[in-house]
Amino acid sequence: MNRDPAERPEVGDLTGEEIAKHNSSESCWVIVNGKAYDVTEFLPEHPGGQKIILKYAGKDATEEYSPVHPPDTLDKYLPREKHLGAVNMTTVEQETKEESPEEKARQERIKAMPKLEVCYNLMDFEAVARHVMKKTAWAYYSSAADDEITMRENHSAFHKIWFRPKVLVDVENIDMSTTMLGTKVDIPFYVTATALGKLGNPEGEVVLTRGAHKHNVIQMIPTLASCSFDEICDERKGDQVQWLQLYVNKDREITKKIVQHAEARGIKGLFITVDAPQLGRREKDMRTKFDDTGSNVQNTNNDNVDRSQGAARAISSFIDPALSWKDIPWFQSITKMPILLKGVQRVEDVLKAIEYGCDGVVLSNHGGRQLDTARSGIEILAEVMPILRERGLQDKIEIYIDGGIRRATDIIKALCLGAKGVGIGRPFLFAMSAYGLPGVDRAMQLLKDEMVMNMRLIGAPTVADLTPDMLDIGSARSHYVNQPEDTLALRAYDALITPNDMLKPRL
Amino acid sequence: MNRDPAERPEVGDLTGEEIAKHNSSESCWVIVNGKAYDVTEFLPEHPGGQKIILKYAGKDATEEYSPVHPPDTLDKYLPREKHLGAVNMTTVEQETKEESPEEKARQERIKAMPKLEVCYNLMDFEAVARHVMKKTAWAYYSSAADDEITMRENHSAFHKIWFRPKVLVDVENIDMSTTMLGTKVDIPFYVTATALGKLGNPEGEVVLTRGAHKHNVIQMIPTLASCSFDEICDERKGDQVQWLQLYVNKDREITKKIVQHAEARGIKGLFITVDAPQLGRREKDMRTKFDDTGSNVQNTNNDNVDRSQGAARAISSFIDPALSWKDIPWFQSITKMPILLKGVQRVEDVLKAIEYGCDGVVLSNHGGRQLDTARSGIEILAEVMPILRERGLQDKIEIYIDGGIRRATDIIKALCLGAKGVGIGRPFLFAMSAYGLPGVDRAMQLLKDEMVMNMRLIGAPTVADLTPDMLDIGSARSHYVNQPEDTLALRAYDALITPNDMLKPRL
Amino acid sequence: MNRDPAERPEVGDLTGEEIAKHNSSESCWVIVNGKAYDVTEFLPEHPGGQKIILKYAGKDATEEYSPVHPPDTLDKYLPREKHLGAVNMTTVEQETKEESPEEKARQERIKAMPKLEVCYNLMDFEAVARHVMKKTAWAYYSSAADDEITMRENHSAFHKIWFRPKVLVDVENIDMSTTMLGTKVDIPFYVTATALGKLGNPEGEVVLTRGAHKHNVIQMIPTLASCSFDEICDERKGDQVQWLQLYVNKDREITKKIVQHAEARGIKGLFITVDAPQLGRREKDMRTKFDDTGSNVQNTNNDNVDRSQGAARAISSFIDPALSWKDIPWFQSITKMPILLKGVQRVEDVLKAIEYGCDGVVLSNHGGRQLDTARSGIEILAEVMPILRERGLQDKIEIYIDGGIRRATDIIKALCLGAKGVGIGRPFLFAMSAYGLPGVDRAMQLLKDEMVMNMRLIGAPTVADLTPDMLDIGSARSHYVNQPEDTLALRAYDALITPNDMLKPRL
Amino acid sequence: MNRDPAERPEVGDLTGEEIAKHNSSESCWVIVNGKAYDVTEFLPEHPGGQKIILKYAGKDATEEYSPVHPPDTLDKYLPREKHLGAVNMTTVEQETKEESPEEKARQERIKAMPKLEVCYNLMDFEAVARHVMKKTAWAYYSSAADDEITMRENHSAFHKIWFRPKVLVDVENIDMSTTMLGTKVDIPFYVTATALGKLGNPEGEVVLTRGAHKHNVIQMIPTLASCSFDEICDERKGDQVQWLQLYVNKDREITKKIVQHAEARGIKGLFITVDAPQLGRREKDMRTKFDDTGSNVQNTNNDNVDRSQGAARAISSFIDPALSWKDIPWFQSITKMPILLKGVQRVEDVLKAIEYGCDGVVLSNHGGRQLDTARSGIEILAEVMPILRERGLQDKIEIYIDGGIRRATDIIKALCLGAKGVGIGRPFLFAMSAYGLPGVDRAMQLLKDEMVMNMRLIGAPTVADLTPDMLDIGSARSHYVNQPEDTLALRAYDALITPNDMLKPRL
């Protein structure tokens, strides 16, 4: 299925009235993108539970369906005979949803949205997106595991590392290009894989493809994209390079098909996710989901898939928790693409990856979305690189990190330590969600501007000049937990008073 | 006495009118659970002071009496001849207590209580319980010693320890069972002893017994339970296992009777509390108590037990502060149960426990309720285990910890360091207080769900796979106190402004 | 002069009308405690500046005069012929001061003052005093140097030190008595010297004398007391022991007189203040002072003493900044009292004090009122004691600390490290200011109660059992300054939501 | 041009009406200080972009022009034939700017401005200036790079260093004078270079010249001053000493002219800025700028200079990013002034500066305005000095630091570590912006008062007595990032309640 307006589904024969009769678990029809499907038999198999389908039994499910299923899903998984054909959409009763007060407020906020030009850094996009995205979409993107400690640590870990810049270096010409798995890129970051792009933008991941092309950086295509894999490949321009992030299916034949199809479509790197044998509990996401359908779940029922687990849990049940080192040779046997492990978190596993002949690793904790109080990528990097150098292994493998990167200074710190490049995910998602392609474009441009500036200020005209001595990492691996405060004492005394307090506040 | 409705006290002969005459320290009768007692001579001996009894002289004291006394108390301690017999309760004037505005507000909050399903972690139960419990009950459960620094440290100490997870381990099948003192349990935690369960739930500790049975974990019965020891034993089902927490009485004969009775009733472990020669000052509890009876204590009187010390102090005067190492052999002589010391706080004492032939220790600071700025169990564990391993003593004794455990990741950290299991107390109390047995059930299930997930994410299919190298404990034993802030400087400057500030706040 | 009502000044001959004529710098008479004085010639010599005197020219100055001058000041410093004699106070016009809204509010707060019984720890007295004291008095007592970093550090430094308690020690009988300079005391603290007691309580320092007697602890008499030295000595009962804190006068003859008079009056220890060659700038105090007389200082004038420096600066100009080690032998030559140095702040100076034959030192930063970012006494103690022990000098000298002590646990930490005792100042001042002698009594009793409890909990039946191994001082000498927060990032994201947020707040 | 009223521009022949015709990019005349200029051809070359000029085409631009251009700019850079001559200003229509509500509020705040006497420390001036300065001016002065982490670190870094004061040193006479590059100064700080002084005060940098003279300290003249270099030199009195801060121009001839002119005018030190090959991104400044002209930039246009980069970026395009060590000998060849490098940030570069024969370095991160998470000057000093001493190089070069200094204790810490002196910038700018010369005077006097006091309190009668052993620098080089807080847990529990909470708040 293709969203090109020129190929919009033809007006069909099926009427809304007819379809509306099939509104129960005995007979359940739904409309998706102007076509009707009989999903009665599929109900018990739906990874997201049957309740969510039954909510749309006899109705148009397109809006809810779209962000969480690539358009080719029904073609792939529903037998042909269940495809009932095109619907005459004029006969389908449009549900006039009462706009909730919350949604109205959101629409107001969208109208008052700051101009793109006042986003001066990547965090600004997050600040805007938080206000203009749907609550559930924001919850899915922004949430992380348990208490979200690792998610917050990911960013603040960079602040444990300080610069020792060189002065009086000729920095007139800054060249921040580098190569990643042999591909020349303009700046040492890539767009890392993030799921369900259409939650933030109706066009989904192809927007990122366009942004990556404009700035000559690599895009890693997610397994759990809202667009289909082929749509994202099709969006590629010129010699643009893409990688594939892979969740390994329990059914290795499916995995094999995906991998070999990817290679055939010109994908230049296979990043096997190894930190997610099961997708994490993200309570913020779960809470939102619950609220969302709160009124429907009062009564007990037989739906034994707990939808309150959030979107990601529902759609990830295929992932194989038995994936292990012994699978690596098999991957090497089915593809010639470079193989990298995404989500490695200790030096012992980096050494093992070298031993197994992997081409690279991404030191990552999955954006803080899996194991809480797992360490940040930048900290693991500070553990890994000295040991690799000690053993002369630093060139045997390409090391990437992701998680928490918001500033060019973050990128520079990773490269000084020895990373080949960094992956950036959420910030581009939020830029896309708030401002679409122009947002992604500006976000990438801001990073480039910061990067030129900061390479000048650290005294490094090229990426090769970024060396470990440019950092002070004395506190990089420490974790400081504040002594819980002595509330009594702090509340007994006055704060100091300044002349400030004699003046009216400035807004 | 037994709360089974079938055995409700028969209608008696004594009338409220008769009893009401005995309303002074000269002659003081009280009604408890439908029976009248002459407590005149007992007044000066009441550990909680006579004032609290005199408040109910000539009246029904059941509601105040019940949570702080096991039902067999009067039978045990009041001579038979003071048992006046059953009361015709229809003749007893019901005090129509004016519901206070505070109580009304609480009742409103109870009506608006979130559904159990929105409790996604153990802390959620605490958040709910705080709002729906009686103020005094909440104060008793939640309070801790002095500035409550140790209580807060107990939880945050876990955040000083970070994970070094393994990837590409086959984690399809997770087995989180283990054995504790020879008992196979489904997950490595036990329900630790906490006092006065009926403050939170009218049924008291037996609710926890039922929860523990359902999830196949061990319950440790507290000395200061609201239910009687036998009631809690009676609640056991099948081959369910219970332990006993023991406060040692100054009168060793009483202690001997308790211990031997426990062994006879099938208790599988004796945990002697060693961190409480005197029960701690808990100011939050004391303040609440004071408020509670504020209007009555204006006038000086001869009651020399200071009730403002809080509930626990009052009921614990029997505890022997002279208990010492020399008592251990005596315990070993009176019982064959395994003997463990609960509340050990330094490696020297663990070594001594091994020397004295103890079967285990619980590294614990009594939930922060005793000595403030005592270290957390997890920190003591990080001190103890390397020394035990160095001396080859790690298998001579079972090491448990308790305090601050809220997440499966906390349990995993303790096991990686070398603990056999962990005790969890307050969270189940709060789950029980807010939601009864279903709350306890869900709390335990949440821990199991988290545990499966997190053992997968750390790459450990069984408890035996949890090893010290899976942790980064570089900061585990450090205590960081913030430099008190430079208030002047911080208040002179502006905070940065984000596009956020241009938008209306999202609720 | 003596406040005994029996000795009230007799009705005199001088009339208010007569005195009111002498209301200028040409002829300036003032009334103090019912007697008139001609201070015209004294005006330029007044350490606090002449403006403050001229404000009361021709009037009754008693209220302002009293807290900052011991009653014998005029007798000592004003020539006999300037003493004009008793005034017929009925003829003196009473200034009906319009009560300011602030003062009215304070009077309201005093009426609503919490009962003494709800003060459960020393900090509670500070919390109450802050609300019921006069603003200027609170500012004087509570203020400290510069940004008050050291003042706050003094208390929080104790939280860097954690306990390693012993269990199974027989702690039935706790003996917390010790000796200080040969005097047996009930508990190892003394009431340290603090200036201007009448700012908080009209009776001044004698209230502390009475409290110290009741609890058998030593009181250190301050040079800058509101009461006269002799009044405070006179208040002594039985064999009560007092020490003297000494600011050394530029005129050594005056100092000699003070020291020898003190010895004659039975003072048992001479504590020479060495951390205050000049009294510190306390901005909170200065700001309050400025406000106070704001309307009067608009016009320039010849008063070259800057009163905006606060009370302490004004009254301390006599202190000799040239005091040095070479003066120590001189002190030893004029008195047989033990000589101790108060305000030592580094181990080198402790060693020097031993060399010079001093009997003790107080490791102190003057309550944070002198040099900001000076270290806390407890931290200096952690530096000093290991070096003394290494050199076998630990018994050559008695080491005390003061500053920030609020809990018995703080005292215990100091004693474990090796201090002989600790000085406590502000807490008793605040207890006295809020509640008078009963406040001081309760404050001391609370410390005793905490001390018994905590010695039990740490496993030390006597002061001699408090040893260094009972502490974990790994973080004691570290100073952690928070990385200034990344405001953008923190403000972009949502806080997590708990079920808490679904309920109405509990007050 | 000279602002002396006696030399006000004569009444000219040109009329406002005539000039107003030239109001487009085709023909663009502007009035500056009563004279008209034809800037049509200059438009594309204007470093700040043409849009800002066109805003004033045909009008009087003096108010906007003045702070960002020294008065001799037009004479220097605009050909003589474009100088159109004096304007009859009575014929120029005065734009009656509607005073914005924000400006009105600011004027109100100015009226309520606290008296100078209540500024008790340098931070107080910042607190006042923040309220009374124009928003754009405040933003320019107060802003820093990226997240402003380094700016905040600059000040708080001093709080990682604690004092070890000596007692019993004769500190009657304090001499805090020292020499800097051979010049005797009264106190070891100099007024460091800061740009665009007229944003804060219409007279600009000469106010600082006067203040520096009064207190006998050195002023460093900034390249980007609002006053002309010669004006600032002319303001010098007696043997007052000035230094020059130099941004090196891409055109070395211009640089040579500047340097040699400076030497000719008697400048005693040349401080070459080496930390700013490009001026930093200061988002606070950029955001303000954007707001300011928000309504004008809606439409796209050909102005390819992005004014939203803020003032500094616009005016700094001449700075040469190719400046390198090889330029140092050239500087040495064109001047005999001592040559110092301002902005050195690592010991390796200090050693190199010695090697190249530089006379000194300023350890500085440009007030946090360049590279964020660069280390503070005081921390770099703690790295540098031990290595210099180890190699016997400590006297080969003069070491200065700047950044974050607000207290005399900060100065003392720098000197104890080994700095020759410190530069102070923003505090004097803010003092000048809020209170003019009296503000600068008081700020300097406050520092002197603090310095006398604190040298006494640390036990150092002269600058030579300030030695490294007077500091505890154990934590000086550490960077502590708080463990991101466990929001759930912290929000579930109650804070402790104090008697405080029972009283009405004191304002």
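Chains: A, B, C and D, in written order; residue numbering restarts at 1 for each.
One rule holds in what follows: a contact is a pair of C-beta atoms (placed from the backbone, for glycine too) under 8 Å apart; a residue touches a chain by one contact, two chains touch by 3 or more.
Heads up on the chains, UniProt names are A, B, C, D = L-lactate dehydrogenase (cytochrome).
Every value quoted in this text rests on a predicted model; they were computed, and no experiment measured them.
For copies chain B and chain C, work out whether under half or over half of the interface numbers are shared, and give different or same accordingly.
Here the answer is different, because the shared fraction of interface numbers falls below one half.
From the C-alpha centres, identify the chain that is farthest from chain B.
D
Superposing the C-alpha atoms of chain A on chain B takes a rotation of how many degrees, nearest 5?
90
Please work out the Cα centroid separation of chain B and chain C, and write it as a whole number of Å.
43
For chain A and chain C, let me know how many angstrom lie between their CA-based centres, rounded off.
From the centre of chain A to the centre of chain C is 60 Å.
Can you pull out the residues of chain D that are in contact with at least two other chains?
118, 121, 123-124, 127, 130, 147-149, 156, 159-160, 283, 287, 478-483, 486-489, 491-492, 496, 498, 500
Where on chain C does chain B make contact in their complex?
117-118, 120-121, 147-149, 152-153, 156-172, 407, 409, 449-450, 452-454, 456-458, 469, 472, 474-475, 478-482, 487-488, 491-492, 498-500, 502-504, 506
Sort out for me which residues of chain D touch chain A in the complex.
105, 108-109, 112-114, 118-119, 123-124, 127-128, 130-131, 146-147, 149, 274-278, 280-281, 283, 286-287, 290, 297, 308, 320-325, 327-328, 341, 343-346, 348-349, 352, 370-375, 477-489, 495-496, 498, 500
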